[in-house]
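Below are the structure tokens for one structure; questions will follow.
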Amino acid sequence: MQEVKEFKPNIVAFCCNWCSYAGADLAGSSRLSYPAEVKIIRVPCSGRVNPMFILKAFEKGADGVIICGCHPGDCHYNTGNFYARRRMALLYSMLDFMGIEKGRTRVEWVSAAEGAKFANVMNKFTSDIIELGECVKLGDIRCKD
Amino acid sequence: MHKNNLKEEIIRISGASPNKCMKCGKCSATCPSFNEMEIAPHMFVDMVIKGRVEQLVMSDATNHCLSCFACVERCPRGVEPAHIIEAIRVIKLRQSGAPQITPAQIASVIDTEIPQQALVSAFRKFRK
Amino acid sequence: MQGLEKKIKDRASELLQSGAVDGIIGWEKGQFEYDPTPAVFTKETGLDNLCYNNFCGANLSKYLVGKITSDKKFAVLLKPCDTYSMNQLITEHRVNRSNIYIIGIGCNGHLNVEKIKAQGISGITAVSASDDHVNISTIYGDSKLAKKEILLGKCEVCRGNVHVIFDELIGEELQTPKPDDRFEMVAKLEAMTAEERFKFWQGELSRCIRCNACRNACPACTCRVCVFDNGRSGIEAKANASEFEEQMFHIIRAFHVAARCTDCGECSRVCPENIPLHLLNRKYVKDINEFYGDYQAGDIAEQRNPLVNFGDDDIEPTTVSDKGGQK
Amino acid sequence: MLNIGVFVCWCGSNIAATVDIDQVVAAAKIQPGVVFATDYQYMCSEAGQKIMRNAVLEHKLDGVVICACSPRMHEATFRKNAEKSGLNPFMVEIANIREHVSWIHKDKAVGTVKAIALVNAAIAKVSLNAPLISGESSVTKRALVIGGGIAGLQTALDIAEAGFEVDVVEKLPTIGGNMAKIDKTFPTLDCAACILTPKMVDAASHENIELITYSEVESVKGFVGSFKATIRKKARYVDEVACTGCGVCMAKCPSKKSLNEFNCGLNNRPSVYIPFAQAIPNVAVIDPQSCIKLTRDKCGLCQTVCEAKAIDFTQKDELIEREYGAIVVATGFQPIKVDKFDELGYSQNKDVITSLELERLMNAAGPTGGKLQKVSDGSHPHDIVFIQCVGSRDCTARGKNYCSKICCMYTTKHAMLIRDKYPDINVTVFYIDIRTAGKNYDEFYRRAAEDYGVTYIKGQVGKVYEEDGFLVVQGSDLISNEQIKIKADMVVLAAAIEADPSAKKVASMLTASIDTNNFLTEAHAKLRPVESPTAGIFLSGVCQGPKDIPETVAQAGAAASKVIGLLVKNKLVTNPCVAIADEMLCSGCSNCFNICPYGAIGYEEKLVNDHGIRETRRLAVVNPALCQGCGACSVACPSGAMDLLGFTNKQIMAEVDAICKK
């Protein structure tokens, strides 16, 4: 019988330094566990996240990419997350329009005080991605060769 | 059933969270059957936490709970004592193997003056 | 159309003669009726080759981008839809308005020669069009086609005969085609299942040969150096092991022109593989209208586009990914 | 290629227990560019830092990766250490393998794999780092304090004493805040007015303090050292300078039916009024909601009687623009509304009151002149019951899940004062726990119970109802395990306190973070308790969390000292992680300019030499003194001409690459 290998997704989380990264730190210091597949990249602001980073992550083998920022209105830089909100809404819409699973990308607002929310968000996102399985469509949108 | 299993069973059936209790006594302060119950609502919660659950199952106090849910409504920590009491009743019924009242008996024991809520509450208590 | 061409030539001649402009950007006659190409006319004598016929669909506004640092002044011939692109270029400081003289010219829809050829017509010698019909003379004889069947994609969804910016108008009285619902195809795709959409786009995009024609023709794609050619961007990958650029080009391109695209349709017009690239851009036009209120890039110069703007209670990306954008 | 050194911290057992340190070191060693990797029990200790410094010199390192706790914790420490060893501080990157790995992943194998991935990402990033030099920005030597209660006043006085100018913005017509309403203070029982009003006078007369009352901060722009605030000074309809505070207008005003806010609505006040006798500024204000002149254009009697000609019905709101180097938030608190606790009968019974109302009833300057009497009929009460934790420690929607901290002590104070003044009154207190941590606090509570005969009952109250003209309090007595009923004339509810409703707006305006209870978050719970994570914003008093007067004053002073420490500097070192535009790539499209929240991007017509082509181009230029490094512009730039130093496109993509590598 062939051994079924458990699917371990690769998940990249872009977290803004001021809220969500601190929220992740709080999840850590509160010992709130979330899947180890989630790996965090610190960015100064959710407004720093370029859609290209997300696509690049998928190209390099990510199965899910999540962006976390301050709650709208609470951006450390006043407006960054407002721009991020529009950019990501449009990016997700386009991915969906191309038939790529829309659950692979997500934006969540997590404040520095929401360690528990951070862990919950990551648990939920990971289980969603596990359900979706490996990300292949983006690489196949143009048939290679 | 083993004591610990019984405790977990109560928590599972009730869906209540006894560990959230901060021992303020609001449940017992608000309970209209306090003087009828040998074990008061706050003690139910405490005894579940401490695992003294057999004593609860033995007690007659569960029958005196009116299921008015005032304790659930008022509890500042969301402990839900009445649901614990209800879970213990369920366990009692299961242990006895049969409802304490059968449909045939209803006509003979029913008091026509009884308010509807009390009637529903009584069925909840004696039949599962 | 013949009369209009004459008027344009006369005016161009005047402008060059008087020294009011140093050059005219227009269309030059090709070998056939149906292959005029954009050209810059700097001498009156060259104006004989200036033409304006049923195949002058190309949007000339982008040709000014290369002239931004020039100290010469150019006149440009712009159809109503092209003027939106011009406004957008002005907004983004990609052209020097003071060195541009805009001649708004009338339009009654332009034709797609591929569509004519697809009807089995070849050896075309002359084409004349009315509002509804097109008479095509060929070396094998004449035929008459319904105009609607052979319009350029962008003319099928014509936005009307208003020039949003101009210095003078010639022949603006021409009747532009009655437009179809421009979001019909986008909506049709949206109504498909994700799997069907994926198959659709895989089928279309797999034909892409990365010739960059869409990028080069696009009046919104005016970056001095495209991000895909920028060694510091981290996504350039020319002839490298990575296929990132190849795979993601169209998504990034659509995103970069989002809220700046005037929906001029040049990308699809020039695509040698006939990939309906405009649908990607039009999807964004539709989304932006639905999410942030109606917006038309280039209808007013100097306006802030929705992607460099925001509202306090904008749609959440989560809503978009959960419900496919239904607010 | 850089010479990179990797230092893996055990953090005692914090990291070492769930991450295999040896494996992480071994994995780091084989990464490109890594010439040295080691581990140590506490990298942040002096010994650990020395290991790093020695390695930098010995192995000629020009890039360092520290694998330890969150960069929010010790990034600054290790950057300083790099500087000590001659390395540019921005050549240090931190891999967070504590908060993001060891503390959350119990399985050592799983944790180790993740730690290695994060370390590799940090190595990938640092190999693209470039030395960065910090710039300087100037400091406006003036502070803004938002809130004129005891917290704000103390902070303002301390800053002013150090020689800096301070503006105090108070939203109400007078400074003083909640403390002005209080009768006596625990545990010494000295009168609140006696200790507060001199401070109010000090603040008003201090040459460095400007009190801007009846005003609200409307917007704040800028950043540490140079904030620009717009303050809305609401129309008082009274000329603040001309008004002498004589009070004739108050006496003559025919509209006297407005509830007196200062007395918690226990009595009424006229439409033109001075909030209380010791108000500062001691000038009248007209309530536009009830003034007959302003609502119906009739009356105007006050204008006629005012000898100083101070009444001005045409007055309009005024906007004041000021620049500040630092801002202190001292927005304070309010008691929660207790009408949701309908079992306690606050809305139904006039004799069920809150503790703050009791303060007014017992205050010599209050509506009864300090005579304790029933609100319903003015008669003398014989039995008073206090109920603690009304809304505190309450997870339901009607309460607050935290302990309000001050109620045990003020309830004890009330009980003691009543027993002292009226020995005939029986006082009973229902409590869940008595919390008296504080100098002389428990002694105070014991005195109430032992010497003053206050009855303490451990238990909560289930309901308060009326029977035969009396209130009946039904509660549990958990010690005797009884449900008891007590007859009472008055019931006093110790309502929870909550952040002032203005706090949320203020925090959002200042981009200072706020917790789920609307208390402002401190930069570090232990080490930076009076600073907000946003540079230049400081916290004073209850806006940060419940505290009593001594704690508030102490924190106010601490906040002042932080402000002074900032204002004495002539220059601030700026964050060098700023945006930068590449001249060769910029198209001058203005997308970045439109998006920048700091106005840090401008345009220049600049002569460039692009591969031999010399031409003048319109190019974006970032002012590094204004740029705060959010990076929003770098995404708005389609060509990638705009990038963010310290978080460049390439660096982030390198991290992505390292993390996604399977």
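Note that the chains are named A, B, C and D in the order they appear, and that numbering of residues resets to 1 at the start of each chain.
Here, contacts are C-beta pairs under 8 Å (C-beta built on N, C-alpha and C of every residue); 3 or more make two chains touch, one makes a residue touch a chain.
Bear in mind the structure is a predicted one, so any value in this text is a computation, not a measurement.
> Of the pairs C-D and A-C, which shows more C-beta pairs in contact?
A-C
> Counting only Cα atoms for the centres, state how far chain B is from chain C in Å.
The answer is 75 Å.
> Cα centroid separation between chain C and chain D, in whole Å?
Between these chains, centre-to-centre, one finds 54 Å.
> Report the inter-chain centroid distance for chain A and chain C in whole angstrom, where each centroid is the mean of the CA atoms.
Centres of chain A and chain C (C-alpha means) sit 36 Å apart.
> Averaged over CA atoms, how far is the centre of chain A from the centre of chain B? Could you give it in whole Å?
Here the centre of chain B sits 46 Å away from the centre of chain A.
> Specify, in ascending order, the residues of chain D that touch 2 or more different other chains.
595, 636, 649, 652-653 - these are the residues of chain D that touch more than one other chain.
> Where in chain B do residues touch at least two different other chains?
Touching at least two other chains: none.
> Which residues of chain A are in contact with two or more other chains?
If we look for residues of chain A contacting two or more partner chains, we find 51-52, 56, 73, 79, 83, 87.
> Considering only which chains touch which, how would you classify the arrangement: line, ring, star, complete or other?
Looks like something else, not a line, ring, star or complete graph.
> Once the touch criterion is applied, which pairs of chains come out as touching?
Result for touching pairs of chains: A-C, A-D, B-D, C-D.
> Residues of chain C touching chain A in their complex?
Residues of chain C touching chain A: 189-190, 194-202, 205-206, 208, 227, 233-235, 242-244, 246-248, 251-252, 254-255, 258, 280, 283-284, 287-288, 291-292, 306-322, 324-325.
> If we count contacts the way the header does, which residues on chain D are in touch with chain B in the complex?
Those residues of chain D that touch chain B are 343, 389, 393-396, 399, 432, 458-463, 474-478, 481, 483.
> Flag every residue of chain C that touches chain D in the complex, lowest number first.
Its residues touching chain D are 69, 91-94, 222-227, 230, 232-235, 256-257, 304, 307-309.
> Going by the contact rule set out above, which residues of chain D touch chain A in the complex?
Touching chain A: residues 70-73, 96, 98-101, 103-107, 110-111, 113-114, 117-118, 121, 507-508, 511, 513-516, 521, 533-534, 577, 595, 597, 628-632, 634-636, 644, 647, 649, 652-653, 655-657, 659-662 of chain D.
> What does chain A use to touch chain D in their complex?
Those in contact with chain D are residues 10, 12, 17-19, 21-22, 24-25, 27-29, 31-34, 36, 39-45, 47-53, 56-57, 60-62, 70, 73-80, 83-84, 87, 111-114, 119.
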